[in-house]
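Read through the structures below before going on.
In what comes next, chain A is part of two complexes: it sits with chain B in the first one and with chain C in the second one.
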Partner chain A sequence: METLVCEGLSKSYGSKLALNRIDLRLEEGRIVGLLGPNGSGKTTLIKLASRLLVPSEGRITICGEEPSEITKALISYLPDRNFLPDWMNSEELLQMYGDFFGDFDEVKALEMLNNLNIDMKMPIKKMSKGTRDKVQLILTMSRHAKLYLLDEPIAGVDPASRDYILNTIINNYDEEATVLISTHLISDVESVLDEAIFLKEGEIFLHKNSDELREETGKSIDEYFREVFRC
Partner chain B sequence: MPRVFSENVPIYLQLIEMLKVSIVTGEYKADDKLPPVRELALRYGVNPNTVQRAYSELEREGIVQSERTSGRYINIDAQKINELKKGISEEYIRELFERLRQIGLSGKEIKNLVNKWEENK
Partner chain C sequence: MLGKLVKYDFKAMSKIMFPIFMVMLGLSLVLGLMLKLRLDNGWVFGFIATAFIVAMIGSGIASIICISNRFNQGLLKNEGYLSFALPVKTGTHIIAKLLNGVIWSVFEGLAVLASICIVGMIAANSKELLEAYRFILKMFGLMDKDVIIGLLHAVSLSTLELIAGVCLIYAAYAIAHLFEKHKSLVMAGVILLFIVLRTMLTTNVIFSDAFGIRPEIWLWYLQSLIPIAVYTFITWFILDKRLNLE
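So, the complex of A and B:
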């Protein structure tokens, strides 16, 4: 089943065209890298899928549905910034996620938080950046969603935290869901990607299976990316 | 999460080779159970579908047998191990020749060098 479909999807901010007639189809069971330099349209695409933005032209559907309350329940979205009320602690966050999302697996989330020895009473604002990022990811991945939208989940974390985050993604997505990871830290994520999408100036430059890309170019995705986007 | 793979070669091919080497060296024996897809994916920090693809390829080659409910098992006998060994060796030798030819050595020179290296080791 296709979890995310874009047809002729465009988004402009005033006269600036951020996405230009994008056609894209993502299948379930895949971990997909949304790769592109800053300003290539990655976050715009993710925001269109999560209904934070409305298309200027074209269509975007999630599991066949236009963005709506229904699709909101199908999508688990990790924004590229702190999005949780920073005075809340982990205990309160579990409660809040349970209240907001019918598909939230509290037992799973609690287990992961315990494995990290996270103090359940510590408010978010007192946590280190690495810990905060992990908590946000745990909450996001503890939902049984059909489409996970992870916007820069590994930006600015240390290598051990990065491994933890990638392992958490591998371990928690299920075969009926799609995980879309936007990042420009390609070498850090490329071994977990099924497919790579290169966004270039608001257009899809390439959308391919990772191993096929390596086979055809004889290069890593990271190397190929640097070639395509050389400044 | 060890980074054992080079990123410029398809990862499923590297996984296949790694598993074949494990069989030839006896790390995996006949009828041993292979780790579940996700476990291997986590161990090497790769995508579960990549592991799946490697397993399917090994199944197609008859080295791995899948039992519907209980998992995947190594399906190998002495003769097949020898074939595997031969295949892996040929691959390494091909690579050796390719690399040395690239820096201008002839087949004969390579053979001489290999003999010398073995004698002096």
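So, the complex of A and C:
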């Protein structure tokens, strides 16, 4: 089954075209890397899927449905910034996620938070950036979603935290779900990717199976990415 | 979902507003006791009395800032990424914020009223309190059907005006969101523009002439309901179709 489908999808901000007639189909059970330099349209595509943006042209569907409150219940979205209310603590956030998302696994989230010895009563605003990032990721990955949209989950974190984040993603996503990871730090995520999408200036430069890409180019995805996007 | 949204907004507001209300009520207790014990001269009394008045005015300003800020932070800043990821319609978010704004405005009014009553009840002796009670009863006794209906209309229209005010702030935030720079200036301009437009329409259309007020009560309701509908539509349209969180 196709989890995410884009047909002639375009998005422009005023006169600036961020995505240009994208055609894309993502199957369930795949971990897909959305790869591209800054400004290539990665975040725009993820925001369109999350219905944080409305397309200028074309169509995007999630599990056959156009973005709406119905598809939001199917998507677990991790934005590229601190998005949790800073006046809340982890305990309140678990309750909030449980209240709004029927697929939220509170026991799993609690276990992960306890494993990291995170103080459940500590407000988000008092947490270090690293801890906050981990709480955000734990909440996102504790849902049994159909589509995980992870926007730059390892940007700006130390190497040890990167390993933790990637392991959390791999060990917690639903087997039948699709995981779309947007990043420009390819070497860190390459090993977990089933497919790679290269976004270049708002267009899909390539969309291939990771193994096929490595075989065809004789290079790692990271090496090939550097070649394609060399300045 | 609406109830859940209101619950979390209420919690967010209560973290700021309840301490302010507590300070105000605490000061009213102290002020009432000082009056009761005839300690009503000297700089300490002056300080407490001034602090009480500042707290009352400040709580009003704080509630307006908090109501505006909850909308801005919750929907148009980073927290908006979470809010708009929830499986909730845009309209439901707006109604939740509006309900929250109205609830806290009413709480603010009640807290100010309670503070003044506390001062009066502590400071007055039993004879004065009894007189006040009798006076209130007498006032209620004098009320006929027309006065009661008039009062109900006044309360309803005041509530609608309160809602219109909150909706105007939300619409101004939403319009300012469309601009990359000078958002505060845009907000101020939008609020001013809407107030001027509304005044012009109210004067020229709703009222019969500069001196005559039309007696039809529905016109009074209409002059509140139309702006509420316009402001809410603008807010909904921008948040639903033109949202671009950065």
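We take it that the second predicted complex is superposed on the first by the 231 of 231 C-alpha atoms of A that agree within 3 Å, B and C clash if a C-alpha of one lies under 4 Å from a C-alpha of the other, contacts with A are read in each partner's own complex, and residues count from 1 in each chain.
As a convention for this text, a residue touches a chain if its C-beta (ideal position, glycine included) is under 8 Å from a C-beta of that chain, and two chains touch if they have at least 3 such contacts.
Please read all numbers here as calculations on a predicted model, not as lab measurements.
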| item | value |
| --- | --- |
| Chain B versus chain C as contact partner of A:Asp133, first or second or both or neither | neither |
| Partner chain in contact with A:Asn82 - chain B first, chain C second, else both or neither | second |
| Touching partner for A:Gly29 - first (chain B), second (chain C), both, neither | first |
| First (chain B), second (chain C), both or neither touched by A:Ile170 | first |
| Touched partner set for A:Glu152, first chain B, second chain C, both or neither | neither |
| Which superposed partner A:Asp99 touches (first chain B, second chain C, both, neither) | second |
| Chain B versus chain C as contact partner of A:Ile221, first or second or both or neither | first |
| Footprint overlap on chain A, comparing chain B with chain C | none |
| Contacting residues of chain B [partner chain A, same complex] | 1, 3, 5-13, 38, 41-42, 44-50, 53 |
| Interfacial residue positions of chain A with respect to chain B in the complex | 29-31, 163, 166-167, 170-171, 187, 190-194, 210-212, 214-215, 218-223 |
| Complex contact set, residues of chain A against chain C | 13, 47, 50-54, 69-70, 72-73, 75, 77, 79, 81-85, 87, 92, 96, 99-101 |
| Residues on chain C engaged by chain A in the complex (per definition of touch) | 1, 4, 8, 11-12, 15, 74, 78-79, 81-82, 84-89, 240-245 |
